[in-house]
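Handing you a structure now.
Labels A, B, C and D are assigned to the chains in the order they are written; within every chain, residues are numbered from 1.
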Amino acid sequence: MHMSKVRIAVAGASGYAGGEVLRLLLGRDDVEIGALTGGSNAGEKLGVLQPHLVPLADRVLEPTNAETLAGHDVVFLGLPHGQSAAIAEQLGDDVVVIDCGADFRLTDSAEWEKFYGGTHAGSWPYGLPELPGQRAQLAGAKRIAVPGCYPTVSTLTLAPAVQAGLITPDVVVVAASGTSGAGKSLKANLLGSEVMGNVSAYGVGGVHRHTPEITQNLALLTDDDVTVSFTPLLVPMPRGILATCSAPITPGTTAEQAYEAYKGFYADEPFVTVLPQGVWPQTKSVLGSNSVHLQVTVDETAGRLVAVGAVDNLAKGTAGAAVQCMNLALGLPEGTGLTTIGLAP
Amino acid sequence: MHMSKVRIAVAGASGYAGGEVLRLLLGRDDVEIGALTGGSNAGEKLGVLQPHLVPLADRVLEPTNAETLAGHDVVFLGLPHGQSAAIAEQLGDDVVVIDCGADFRLTDSAEWEKFYGGTHAGSWPYGLPELPGQRAQLAGAKRIAVPGCYPTVSTLTLAPAVQAGLITPDVVVVAASGTSGAGKSLKANLLGSEVMGNVSAYGVGGVHRHTPEITQNLALLTDDDVTVSFTPLLVPMPRGILATCSAPITPGTTAEQAYEAYKGFYADEPFVTVLPQGVWPQTKSVLGSNSVHLQVTVDETAGRLVAVGAVDNLAKGTAGAAVQCMNLALGLPEGTGLTTIGLAP
Amino acid sequence: MHMSKVRIAVAGASGYAGGEVLRLLLGRDDVEIGALTGGSNAGEKLGVLQPHLVPLADRVLEPTNAETLAGHDVVFLGLPHGQSAAIAEQLGDDVVVIDCGADFRLTDSAEWEKFYGGTHAGSWPYGLPELPGQRAQLAGAKRIAVPGCYPTVSTLTLAPAVQAGLITPDVVVVAASGTSGAGKSLKANLLGSEVMGNVSAYGVGGVHRHTPEITQNLALLTDDDVTVSFTPLLVPMPRGILATCSAPITPGTTAEQAYEAYKGFYADEPFVTVLPQGVWPQTKSVLGSNSVHLQVTVDETAGRLVAVGAVDNLAKGTAGAAVQCMNLALGLPEGTGLTTIGLAP
Amino acid sequence: MHMSKVRIAVAGASGYAGGEVLRLLLGRDDVEIGALTGGSNAGEKLGVLQPHLVPLADRVLEPTNAETLAGHDVVFLGLPHGQSAAIAEQLGDDVVVIDCGADFRLTDSAEWEKFYGGTHAGSWPYGLPELPGQRAQLAGAKRIAVPGCYPTVSTLTLAPAVQAGLITPDVVVVAASGTSGAGKSLKANLLGSEVMGNVSAYGVGGVHRHTPEITQNLALLTDDDVTVSFTPLLVPMPRGILATCSAPITPGTTAEQAYEAYKGFYADEPFVTVLPQGVWPQTKSVLGSNSVHLQVTVDETAGRLVAVGAVDNLAKGTAGAAVQCMNLALGLPEGTGLTTIGLAP
């Protein structure tokens, strides 16, 4: 028996999220790549904009609108914030729409407006299947909000400790990210000459937009008040996030207990690996893969649990999660087209 | 009907070539990973030596010898120069032995001894299927010498011009390589602190060991004398080679003719792409893939044809070619387990 | 009137700390570079070991011992931990000995033995002139312990907040460092192929040796108990540390108050710059310089003060501080031979 | 006796060339920094645009015109091509005008128009004092054209061989450059995400604008026809160029003879170092310095002389040369404010 192919479209195909969705889907014979759209790049060839996607080199970007995106089974949106709602409304309820942007991630309108401004468009099922109870909401879903890259790794790095009550959920997250997390924006501080040989902090003091998303996720796992101090760093590499997370330890908790809690929490998760004890995560091990690598310990002198997580911001951090969610939405095996082995060295 | 799995072993599994063979094979369900051996690392766990190969984390490296490597269908050798012959002799003629080292690449013993010293072990079928006539020699072969990384890209970048007589084969190759080409050797000049923010030349003046291999390959394509001026550069990235190749143009040859010759030469090759005119190769587009990207033009003022090729030194430049050759040797589809899309950005 | 030149020696001249001391002193006409010594490198030429130090290319490294180091006004020690005491004892009380290693930094023998093992050699004046009261102890000193690179930036980033009581001194420090902080050790995880495109955490959970040094420094500034949760990250650049530091804010403290406290604390310090508000530190701005760049804010939602500091680990973080201390010890203008402007881009 | 300070202005102070001029001059007490001008950045603070130039953080960029630039002893121009002539005409013949752009480098109008388009503005004394006879033309000059970065290193790497007739001047240059050579232009291919982990070729086939400048320089040293095949590569580092240059050797020339010719040619040049034999140049050794490092050998099999040169494109390749030329123009010691020691590692 032959299934017909899943016909997909990508809005924002010239960006990093869109390009990574295409990289992941190009290897699949159950998917047919339909419309590819762009904003200011409409009319240009993908061979120039995404030279690594050789089989699509002659494809010309169409404008992003309901007409060009109609007639597909799945539409991936990699659009600037605020543009997804208008497109999604026109796409029909039977189409699976997977938004790589932020518009539908937050459930609290006040938080959304505080951090993003404008009117909150609402919330969609949140595409982090590894959160307890979340996978069921994604099976068969027609609208999915892909998590932010920082929230994905921060949430997964802290979730077992929060749920098991190993910590007071007053957490500090310092996350070092490669530059593709900032997108393909033409800003002087993202030029290679500026970022190579350089580490900088930005969005310091609780103002980064991913802060309320991390808080929202962790609050699902505890009845205690959650506070998150989040500082992102820009580091000289194209991809990858390493999140260093800590919080006051619940008295009496040992490193061994923490490790076992993490192992147990993720025992059945194909894309989360708690590394052997003593091995700490590095971003290179998850490069291009859909994996998250974790490790945890307890600093008894400082009285804190310290956990570290690594993710590829474009893969499991965005486009890999989007494909994982598509698989769940369509009832396909969850890992179809996704690898767990990073490209190292 | 179910085929039994191909049982493979890797000698030198802690190195970069061995690790990349394993990365490529881990995703396959038609392969069973058997013995993994090391030299000074024997007894250590792969989880520490190759942390990205998570499913093999608990594997302990065995010593490299005929006993540990016996009983496999295919044995990959990623050993220091001079060690392959002794192992291969003991492995039996029915085993497919694929040598990622240099021992069996050169056919001319005098050249081998001039560049490598010691006694020449002989030559095996040369694992570059894209060279005219070469694919047939690899089908069903039991011994295969994987080409050097620089010769792979240099040969493929120049072959169409040499064969078509577009140039006098007095070529100049300057090839910029990522650091993994030097292997995992603990040398001060390979430390991150030394290579980051730095470009250096080495092996200058015709002394690099890959020089006679490039000459040998090009000489197969012409009756003219071939000379090769080869200079390798070390550049600050982990993977990838970009080879800039030029030679005196045969009078009257135009850029258009050169481009068409390249397109024609590789028309049926799945792993060589002549890019759209005007798009020049970059290493990032082939990262982790088995592809070679090429472009060519003519500099009429200088009277030279200039061609540029990009390859991932560890993938198509070593381990990808090894897997491609395994597929040919076993009669499997040539591209099994290999991607053509690089990991960008 | 002509002063005679200061005659200096460097023990460990093939390492990164020793090389940077020499880079900084080569431009000075009041300094004469005497003996250069090495351990396993003794007998080799500096032209091979430190190719950038061209004027010293023909200098041959002597063995490190009291004989070769005798007869100098100032001796810089860039030796492995545990070797400084024996050398220093033999050098005479009139020689200025400046130790770039850890042997004499900690005052608490129990802490020293817990983190370094073996017997504590004692403590010397601590070479961080920017700590209140410290400059006076360095004027005319004959023995000086140069601070660790992480403690330098972490201490200076937190000192104003601790002294002014703006925070509860229960601090979290996550510091991203370039690879030269690990020295020129031949370890596989420091190879360029491993560190490029990669961020990793190490020494997690309070076990890094710089932890008690940070605690010791901050404890000088407050009567409260100080606890330090310190996590170092290895990032893909040769030089530089960015330290992200936070702690629970004292209720009622505003970002403006914090900023003013920082400006006031460092008003007279030539090598510490509190950046204009809104500009956050980046390591590139201090590359090769003796400057520390700082910024601070308050995250009211999380209830934490967040401060970020940048330093060049080899310059102000080690060798620049050593030269600054030499200047103080000899009564020279403190900034002689030191720049405040980093090499950007 | 006290000299009054030299009052300088920089047009294009937000760019990389302008920023580097300022970095080099900030350390001097014989220079007073006057007007700083910008194009689209006029009105912005330098503290945001050039955060490493801390002492100038509060300076506001003025618009670039004759009024803002009037009243200075020396005006540095770091402007887009084609804008220098109009400014220079209005500045008065007594002002030293040093153009870091290309407008006045070429003497042949046809070549200028072929490569740059538009009308040729003329030619000024060429700021490469190391070319025979050139230093005398720069002493006291009021108009100086700073060489291009590629021509500086390519010319100096080949000059001794061309002048001594060691080669047929039919040269091949492949030069790997850091990204700052492309300026601070907001182009997608210069984003950090694109250039890190990547090497690419551009301007292939004799079309790069620096090609005729290299030819012009070498033609001064020989009566033979000069042809130059020039290929630039973009490599993942902020600064530095490594040029690999080769040409057919004159029969009978040995490596030893070539080395001695190079040593002799540059015997009196403070900023050109022919490295000890066997040590090949690396860009890191000249980072931030005004030095060029060279090495040369002969490949007897290929019949070519191969020479390699390293330069910091922003320092000796642009702004360092500009300052060196200012010193010559004003009769100051040529090396004032310039270092010969690079920032390594």
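In the analysis below, contacts are C-beta pairs under 8 Å (C-beta built on N, C-alpha and C of every residue); 3 or more make two chains touch, one makes a residue touch a chain.
Quantities reported herein were computed from a predicted structural model and do not represent experimental measurements.
Student: What is the shortest path, in steps, from chain A to chain C when you may only step between chains that touch?
Tutor: Minimum step count, chain A to chain C: 1.
Student: Which chain has its C-alpha centroid at the greatest distance from the C-alpha centroid of chain C?
Tutor: If we average the C-alpha coordinates per chain, B ends up farthest from chain C.
Student: In whole angstrom, how far does the Cα centroid of chain A sit from the Cα centroid of chain B?
Tutor: 35
Student: As a quick test, compute the distance in whole Å between the mean CA positions of chain A and chain D.
Tutor: Using C-alpha averages as centres, the distance is 44 Å.
Student: Using the touch rule from the top of the page, what residues of chain B touch 2 or more other chains?
Tutor: In chain B, residues 16, 180, 193-194, 196-197, 236-239, 282, 284, 287, 344-345 touch at least two other chains, as defined above.
Student: How are the chains arranged in terms of who touches whom: line, ring, star, complete or other?
Tutor: Topology of touching chains reads as complete, every chain touching all others.
Student: Contact residues on chain B for chain C in the complex?
Tutor: Listed in rising order, the residues are 16, 49, 178-180, 182, 184, 186-188, 190-197, 236-239.
Student: Residue numbers of chain C touching chain A in their complex, please.
Tutor: Residue list for chain C touching chain A: 170, 172, 174, 176, 193-194, 196-202, 204-206, 211, 227-231, 233, 235-240, 242, 244, 246, 255, 280-284, 287, 295, 297-304, 306, 308, 310, 344-345.
Student: What residues of chain D sit close enough to touch chain C in their complex?
Tutor: Per the stated touch rule, the residues are 16, 19, 23, 26-27, 45, 47-48, 50-55, 57-58, 180, 196-197, 238-239, 273, 275-276, 279, 282, 284-288, 291, 293, 314, 339-345.
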